[in-house]
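Can you keep this structure in mind? I'll have questions shortly.
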Amino acid sequence: MAVFCTRVDVPLSEGVDMADISAEVARAVEESGIRNGVVSLFVEGSTGSLTTIEYEPGVAKDLKRAINRLAPPGEDYEHEKAWHDGNGHSHVQAALLGPSLCMAVRGGKVAAGTWQQAVVVNHDVRKRTRRVHVTVIGE
Amino acid sequence: MAVFCTRVDVPLSEGVDMADISAEVARAVEESGIRNGVVSLFVEGSTGSLTTIEYEPGVAKDLKRAINRLAPPGEDYEHEKAWHDGNGHSHVQAALLGPSLCMAVRGGKVAAGTWQQAVVVNHDVRKRTRRVHVTVIGE
Amino acid sequence: MAVFCTRVDVPLSEGVDMADISAEVARAVEESGIRNGVVSLFVEGSTGSLTTIEYEPGVAKDLKRAINRLAPPGEDYEHEKAWHDGNGHSHVQAALLGPSLCMAVRGGKVAAGTWQQAVVVNHDVRKRTRRVHVTVIGE
């Protein structure tokens, strides 16, 4: 049994923006030498999130629209009344999607579908470099 | 410390459809011989998801309705314009729910509530056998 | 490699109510002696959930409102027709948010953002002490 830790820093535009980090995750698994176990991803910060999608421009747009419907940018937010940083909706969106994702590792590869990519999402109203912590655990 | 890997293949009807996989997860934990740690579940494919519910017909129906409200089947999706496979909403629904679930293992059992079952969801517009990778880690 | 298991019991008011459990999680990581790996959280029961937020009263209120929009308390639920316990919406809300959260541990600390707290949510219609299982894995 072993654990391997690394991280990926992903520059993203103002939200909702997202990027495919599957190649970076695959590289971490390879570097770890771990054949069977899990790769756990965690995004630092309360206005980022993680999930998997078929990463093509259509799905990305559809998902952004759905996310903006969960917590629309134009509404009144209590967070704004105290902090005035314009990102009340970003906090709610990120909390609903969640900051963690845990994928299976089998035979030294991530056991995801061919059309299933790991994505990190920036919900904030300004450009952010989102830091994703990658932990591979197994043997 | 040890890791135990297996998988469960679950035939499901066109989405939103779901099945209780708690018995299969319990069996994997038992087979692993691991007493304390976690059992990590990951569904392969970008139109499947995992969560826990009280698995009874009423909650299942209520959850389906809420999922179809997050990304309604009848709307226009950008994914459709390029791919014409009718499952634009399926991709969005699955991304919002998420493909992973990680439950605690204590004393050789999954530490879930009595009325809390692990379920795999098919969001796709056709029947799919959803593959769930099960990884037990602990000692 | 080692695994460390503990739990946190959090008394919460009727839902949507939530509490910051970051201090308890940090203490578990410290007690474990594990420097690098993950801390996995799992809430027992089908009307509780876990996520991270910037824990301040504004965001908490905004998130509660968004959660109540996902599955409004006032609607008709199939779960009610059989069980009459008034918490049909609670089940749906909890299933959409999800019962698990897995955070990175680096240098003996949880690698969360400064303004990113782990929270446990009670969605039930009555006071509940939510039990969160905490599993630290790493070395």
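Note that the chains take the letters A, B and C in the order they are written out, and that residue 1 is the start of every chain.
By definition in this document, a contact is a pair of C-beta atoms (placed from the backbone, for glycine too) under 8 Å apart; a residue touches a chain by one contact, two chains touch by 3 or more.
What you see is a predicted model; the values in this text were computed from it and never measured.
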| item | value |
| --- | --- |
| Where chain A and chain C overlap in contact partners, by chain label | B |
| Same-residue or different-residue interface between chain B and chain C, half as cut-off | different |
| Intercentroid distance (Cα basis), chain C paired with chain B, Å | 19 |
| Numbers and ranges of chain C residues touching at least 2 other chains | 1, 70, 96, 98, 100, 102, 137 |
| Residues of chain B touching chain A in the complex | 1-3, 5, 40, 42, 44-46, 70-71, 77-83, 88, 91-92, 94-96, 98-100, 102, 133, 135, 137 |
| Touch list for chain A against partner chain B, complex | 1, 36-38, 51-54, 56-59, 61-63, 66-67, 70, 96-98, 100-104, 106, 111-113, 115-117, 137-139 |
